[in-house]
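What follows is a pair of complexes built around chain A, which joins chain B in one and chain C in the other.
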Partner chain A sequence: MLAYTVRRILVSIPVLIASTFIVFLVVVNAGDPVANFATSRQPPPSKAAVAAFARHIHANEPAVQRYWNWITGVLHGDWGPSVQPNLDIGHDLFTRFRVTVTLVASAMIIALVLAVIFGVFSALRQYSAADYTITFFGFLFLAMPVFWFAVLLKQAGIWFNEQTGSQFLGTIGEKSPYLPVDTTWNEFTDRIGHLVLPTITLALVSFASWTRYTRASMLEVMGSDYVRLARAKGLRRGTVMVRHALRTALIPLATVTALDVAIILGGAVITETIFQWHGMGEMLVQSASTVDVYRTMAWLLLSAVVVIGFNLVADLLYAVLDPRIRYD
Partner chain B sequence: MRAQSSALTRGLAIGAGLLLTLAACSSGGGGGGGSTQGGSAGLSSCNTQGKANSCNSGTTKPGGTFTYVLEKNIQQWNIQDTNGNTFENGEALEVVLPQVFVPLPDFSVALNKDLVTSATQTSSSPQTLVYKINPKAAWNDGTPITADDFVYYWRTNDGKDCPPPPASDSTQTKGCLPQSTAGYDRIKSVTGSDGGRTVTVVMAKPFSDWKQLFGAGYPLYPAHIAEKISGAKTGDAAHMTAAQMTQGWQYFQKNPPTKYPTAGPYKMTQWVDNDHATYEPDPKWWGATKPSLQRLIFKVISDATQEPIALRNNEVQGIYPQPEVDLVNQVKSIPNVTYNIGNGLQWEHFDLNLHNPVIGKYTALRQAMFTAISIKDIMAKTVAQFDPSVKQLGNHNFVPGQAGYQDLVSATGQGSGDLTKAKKYLTDAKFTGVGSALKTPDGKAVGPFNCRYTTGNQIRQSECQILQSDLANLGIKVTIKPIGAADLGTVLAGHQYDIIVFAWVASPFPTANAQQNWVTGGGGNYGGYSDKTVDKLIAQAVGTTDQTQAAALLNKADKIMVNAAYVLPLYQKPTFLAVQTRFVNMRNNSTNVGPPYNTAEWGLKK
Partner chain C sequence: MTDIEAPGSAGTQLPPSDHEFTVRQRSQTRLVLRRFLRHRAAMVSLVVFVLILLWAFIGPHLWHYSYRKYTPDNSQPPSWKHPFGTDSSGYDAYAQVMRGTQTSLKIAILIALGSTFVGAVWGAVAGFYRGFVDAVMMRVADLVLTLPLFAIALVISSRSGGSWYWIAAVIAGLTWAYVSRVVRSTVLSLREKEFVEAAKALGASDARIIFRHLLPNSLGPIIVNATVLVATGILTETALSFVGFGVQPPDTSLGLLVSQAQTAVDTRPWLFYIPGAFIIAIALTINFIGDGLRDAFDPRQQRVRQ
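What follows is the complex of A and B.
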């Protein structure tokens, strides 16, 4: 498996280079940040300032040279200049990645646990009222636009605060700017209070699709010969379900989860915007809207690495979960 | 294998449904309470004549935290630098740094007597300005504010003593890039007397807007810090080298005011990048008004649509977003919140591109186009939906409320939608196909023209649609072409439009704006307007020491511009301030300094 992993990592390097090069060319030609700088300020900057800005972001250099300088710079820890003054792109990238990981990790853990529980339950009680209810809510959450659901949740959060006379649920940011009584416990509950609503928003969408995967997979496994044999041999139903059926049923879910998480880590754009979490999603939006070439590339590079990494994880999980699969 | 639905499952389903239903109900209506609704008391009187600077006044009591929203992060802390010149930076810095004149909500400027007890023009030839610094004025490390701070300001902003970075410097760190050298490049000398407490400024060339020097949203930085970090002699900014001044300039760019001494009613105690600034009353503050709030917070919320929700949840207590119908309606439904829709210094306008050979050649065509456009219809279908008081703007340099404002546009019929008059312009100028398929006197087709607006801006899209409909009545076909969010600069600088709608920010000091927007080759003159008489009149306005005369000269130039029909002013863009009613003394200052112009007065209502 080690050799397979190393081989996969090596193969991913040319994929990264090709994807970054193509996107670099697209981003460089997506707009003119120098013209934006020259026209978006009041009073308009002097010609010297515009020229200095163009030099600063290397706007006058050929695209291929810029790409080469960028990719070699990244290898040395230099992520290039941003159109935003004083912005250290590397610092910005990893700070935002941490923010997004915090949000996504909590949402995904909740979504995964709930998806397995409800998916299995739904499969075991196929065509029951509970199954129909879970199915109904699954499709409801899948169909609901995130931006609408998130705003609705915020209103529910405010209603909860008003009813309880508290400020427990936060609607903006990761934490409050200050706490009236600054203790570790208060800080902890403040952070949890700010995490609840965006986590629910993100979790419910993933939960909805993952429940369907789990249910379908579980039903398929439960109908298989080896499960019937296990039951025929006198094993208890619970043992068969947990030790034999569930393990096999989780294989497709593991793949889907790994791929979904990779995509969401690139930025839960809408959730982050609505709840004002300054993560990867906001970074992508800001970079694209200001034609910030090097910042966009930094986002892309990290997202690509995450996607490639989680694809590999998904493949490796196959081998872990399914004893029939071996990588040589 | 079927199983009965359990009571627990049913309960969960009903509970979830109830929660969503309750949430949906609570989002729209009154939200309970039924107490003071938006618009009553407080800020609602701000639009009454003469009340702009005194509305929402009240006695304060000690304590409380007020959180105000900044709509953008602050990346660069030198407001005097072209990269740091952002509205949010100005708002954050004016709390802690001093300035000589401060723009007020009624667009006048007031002397900041905490900093200077007087600022007078003592001679007009050569123009001489004398500033008497308040004897108590000092940075909070104990260093007095002196003429040295003024000298440092002047020399870093005149474009000569600390020149821009050379072409070889891609880091932009080897020079100063002031946001504007206007006025500072006309100063001959800045000298101190009375132990540095009297500052005398002698101008090499007169400058009518002298009150914008050393302030008006661009405050002073502590020169002694620049001297210290650059190794220059303390108190000797007059002899700092360009390299030393650059070091100071860079220092103030990179460091928030938590890192150096300040001189305001509050001191900034914390800056969390992309999140918030925390201010606490500065015990060293010498000013007449002591802050009563225990804490002031500026919180970054970059999505305006989330601001009313945060206000309702008491996460913030004051917001200043760009108003839209939905947003205003949301705020109206929040209990115990007062709000004001004011008319700001930003104004919306249609620009014609004179580089287009047909538009540029025929003045009569431009006059007809502007006359056919109904600004009344435009306002009714856009901003008047939430601001019924909005009016057509009649001047290119002044807005109502500013001394010098005259309506020079309405009398010409421009913006009236008077189709008969518009058609007469064309028939008199021998255009053919009027009302069907317009052609120039020499038989060339007029149009189709494009009308461009920034994508996603519903108001501007509607404005282009109404223009399209109005010009169709003249036989001019207009296509509507949105501009990508990041492409406005490219479109303007590259003249990639026939008609474009966007906004300009006027200033309490109009001559500098006029120079940029109307003079041949000016930085904001994207459409290529050029008139020697206008150039001359504006140059005279900038160079006079009499502000009444300067305004008269600008209006004289404006009459020529109106006749040329290059830019059609539409209306002042509304501004919107909403604050909780338990706080007082916040006002809608629609100038470049924003509502935080008077944070020392903000506080809990007694």
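What follows is the complex of A and C.
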């Protein structure tokens, strides 16, 4: 298992390098930060200032050399120059990462738990009214644009606060800018209150698709011989379903979850924009609109590492879930 | 040459088979079509989707307001004159939603067509040649699959200036790899079939085998994937436009309309709910159509085991 893990990590390094190299070429060619600098300021900067700016962000060097300098720099903790003066990209990235991680992690956990519960229930009661209802809402949530639902939830949150006269549900930012009574408990509930609506938003779409997967794989496993054998041996249905069937049925879910991480990160960008969080979503939107090559790359590198990490965890989970799978 | 007579000529008249077998022969296409026509949710969805399509593309020519002409009425709720109301600067929302639906559908369909074409050819070539070609082509596809769709699309299309075909090209450029994987796996099994061998023996060129034999026979998974891509396409484009990196004013898309209405959910709710409902309707019908097609092409997936 350990040897396998190490091997997998080593194999993913070239993938990471190739992927970031392609992305780097795309991002470098997607815009011209120097032209942006020269035209977007009032009064227009002098020729010397423009040239200094181009030198500062390495705009005149060949892309391959820039990539090499960037990736070796990152290994030493230097994330490259931003187009914004005095912005430390590394510091910016990890501050925002902490904010986004809370959102993404809570959304994923809630979506997974609910998807397993509803998916299994749906499969056990196939073609019942409950199954049809769950399936219908699954389809509906899959077709629902995240941003539309987020705006709707935000309005509902404001309405809820007005009705109850409380300030519990936060709709702007990841925390209140100022707390009247500044205790740890208050800060905690404040964070939770701000987390509720964005988490529901982000969890919804994944919940819908993961419920469909759980249901399908549960139905598949329930028809298999070893489940019938376990029942024939006289084990109780509940025991067989949870200990024998569900375990195997979770394998495709692990794969899909890992594959969906990139989609969830994309959804987090939208969610954070609407709820005005100062997380990685805001960072991506800002760096795209200011044509900030190195800041964009920092975002994409971190998301690539997260995605690869999740795929690794999914691979290792297979062995835990299915005793027939052995890595050595 | 003298003894053998062609079957069916005067000497050995065979009885016409219709007398014995009364069941009409069904071609593969007819079977698929039949199964699809019997899929109720898919058929209803298809009708609704076609209606939306016609409305979005023909409607603007018949409607007396343009999506970019001010009307004298500001912030009107829905009425006979303005079925979807007007916004605060006096634009007729009916004309705008019609235009937005048109733009969003145009982009989504172009995404589906573009990425399906590229992905199908890519996957078929890789699956047909196997070996080194396959390894290289599939590593490239895998690499594209690792790119986060929304983030990359956002970064690239921020420079697009909002032209709809550029947005479609960017998204299609990131989604084709998935199609190529599906098509490759189908082609890998198809290429071992006898009809491919027969075509080869008859001297068919590789291109002919790929385009006339392999691709038409993997049409099932290709079509199912293409429908799913329309839904992915419309959700991605509207999200991009919502964040401000997709379609730009004065043109409009369903995502942009929702974005412009997000501060007016309470005061002018019609501006917010109607475009949102159209996105849901399109994505929902497409998903149902895709589901119906999947069942029609591959009835094995409908398991009735208890």
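What to note about this one:
The rule we apply is simple: the second predicted complex is superposed on the first by the 323 of 328 C-alpha atoms of A that agree within 3 Å, B and C clash if a C-alpha of one lies under 4 Å from a C-alpha of the other, contacts with A are read in each partner's own complex, and residues count from 1 in each chain.
To be clear about the criterion, contacts are C-beta pairs under 8 Å (C-beta built on N, C-alpha and C of every residue); 3 or more make two chains touch, one makes a residue touch a chain.
Small disclaimer: the values here were computed from a predicted structure and weren't measured.
Of the two partner chains placed by superposition, only chain C is touched by A:303; chain B is not. In the superposition on chain A, A:15 contacts chain C only, with no contact to chain B. Touch criterion met: A:289 reaches chain B and chain C at once. In the superposition on chain A, A:270 makes contact with chain C only, while chain B stays out of contact range.
In the superposition on chain A, A:44 makes contact with chain B only, not with chain C. Touched residues of chain A, counted separately for chain B and chain C, are more numerous for B. In the overlay built on the shared chain, the residue A:152 is in contact with chain B and with chain C. In the superposition on chain A, contact of A:185 is made with neither chain B nor chain C.
Residues 30-31, 126, 151-152, 155, 273-274, 288-289, 291 of chain A contact both chain B in one complex and chain C in the other. Those residues of chain A that touch chain C in the shared complex are 15, 18-19, 22-23, 26-27, 30-31, 126, 139-140, 142-148, 151-152, 155, 219-220, 223, 262-263, 265-267, 269-270, 273-274, 284-285, 288-289, 291, 296, 299-300, 303-304, 307-308. Touching chain A in their complex are the following residues of chain C: 142-143, 146-152, 154-156, 158-159, 231, 235, 238-239, 242-245, 255, 258-259, 262, 265-266, 272, 276, 279-284, 287-288, 303, 305-306. By the touch rule above, chain B contacts chain A in their complex via residues 1-6, 9-10, 13, 16, 19-20, 22-24, 26-27, 31-32, 65, 67, 75-76, 81-85, 159, 164-165, 167, 169-172, 175, 177, 179-182, 253-254, 272, 274-276, 278, 295, 297, 299-303, 306, 309-310, 312-316, 484-490, 492-494, 504-505, 507, 512-513, 516, 523-524, 526.
Chain A contributes residues 30-46, 48-49, 51-53, 55-56, 58, 81, 84-87, 124-130, 133, 137, 151-159, 161-162, 167, 169-173, 176-178, 273-276, 278, 282, 288-291 to its touches with chain B in the complex.
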